[in-house]
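Residue numbering begins at 1 within each chain, and the chains themselves are lettered A, B and C in the order written.
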């Protein structure tokens, strides 16, 4: 009974994350002369891009081939955008929270999938970060913008922090459920705090491109 | 004898499609300070990009590794562009027809390859759409433009329509040859009609990006 | 003893190439409102992007999963950029030399890995070119620029030339060590000469895009 509840809760987190990722893609596509179907594709790529690259690198079957719910959730996200535009606007902070929870969740999914594949801890952290971040990068590339991720590091760095905490907790022999909850929470808190207090890394100053002139 | 003719016809369709896809890449590269070799690469990526991603997702050997004809056809397309520029210009509608026939053909190739891999029907339709569409998206990304596909959906949506018709026809137990011809024709007619009558989906209106400001 | 030295030398070449590739990514990222972590990611993608795509296409484990030194070398490259900016500037031609040596080296690594996978010679040349070139293309795509590679072909064409010489030398039954040295040298000399004497292919002139208007 408890176990069933746990599974349902995991699925709920997964769907919420997918929904928020898809919305972030669809929002960014709006106002760029992109039609509904194009917006759906952008939402989809944002939601499943990171996990797809992870699965290609791990040489396992892409997760969405086994389960149609990611395509359906993205369709619901598009529908919600078309129907409740104004309300979605008011829900800005709720969506941000979904997005952050989703980030924490998919990062840990990426880590556990990589552990199952027998990879060393640092590769698992990279795979978790790829799972959480790459969708948004591909979204920005397709929409012809310099990825937000590179300008505001909070996103990927939060995944790295969560990954680090995951393996510390694992090293301390915490039960795997606890380890996962701690790691998800780390990603969420790390990002919320960084965004709330405008914490960010310094930017890389211009360097002469003499190299390219050679 | 009939069988041999059928195989020859299939190869001819495949080459025509590859040629038209390559030309569309090379044309878009022209006038952008891109040299001949760069134009060849753009043509190649347009022609083989979609099928390559499909094969990576299906975890099978990329189709062009087994057969040099795609690289040769792209070279012929570049040569034709350099030699017959003016004439190619006059052949605009012929090339558009090639491109559309190629789209129908590669979509069905993508579907049948996915059926062979034992995938559910909706994944097969997605794989067919990826096969037909992704080359053009990567072409636009490399050339630093917002993909045409997202602005005029006819392309990808025609693949989806053809895929749907394929499985309806299959469900009705039509012979596989007939099913394939019906599906290819659907993609072609769908696109020709949509372009001819300027049918397109509505565009997604601007949405406040309060989410990004958080 | 000689053998150990040879292995050490190979590792040294590999690290030098990785370092130079990473620096080229980090330099291009500078002055674009990209933070330190973002610059690290750009450096990393430049350094390992080509080999990663090659390994995905060959369906083997991505090389960096087995060895952390590429991630460490990129971190050193970022540190060096932050600490020695002015000096790195003065070392412009040294870095260019590293980059060119790295290009020769990774091209031959790509070729030998593809031979081990049992691929025909022309696919091996393509894989060598992908290994050397794709990292820089992805770097340019992420940074929202039309890839330099397409505008100045010397890069990819040098890989193709080195690959051609590799197989001629192999056909002539030269020892494999000699073949590799000749091929690496070809890439290096080809690029140095082309850059030194401003040799480049003609650019593709504008072609009417009537096709797109249909």
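The rule we apply is simple: a residue touches a chain if its C-beta (ideal position, glycine included) is under 8 Å from a C-beta of that chain, and two chains touch if they have at least 3 such contacts.
Quick caveat, the model's predicted, so the values are computed rather than measured.
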In terms of residue numbering, is the interface formed by chain B and chain C classified as same (over half shared) or different (under half shared)? different
Angle of rotation relating chain A to chain B [CA atoms, steps of 5 degrees]: 120
Quick check: how many Å separate the C-alpha centres of chain B and chain C? 30
Where chain A touches two or more other chains at once, by residue number: 56, 59, 141, 144
Chain C residues touching chain A in their complex are 23-24, 26-39, 41-42, 52, 56, 59, 61-62, 65, 68, 71, 81-82, 85, 88-89, 92-93, 95-96, 99, 141-144, 148, 195
Parts of chain C lying in touch with chain B, wherever the complex brings them together: 56-57, 59, 119-120, 122-123, 126, 137, 141, 144-147, 149-153, 156-157, 200-214
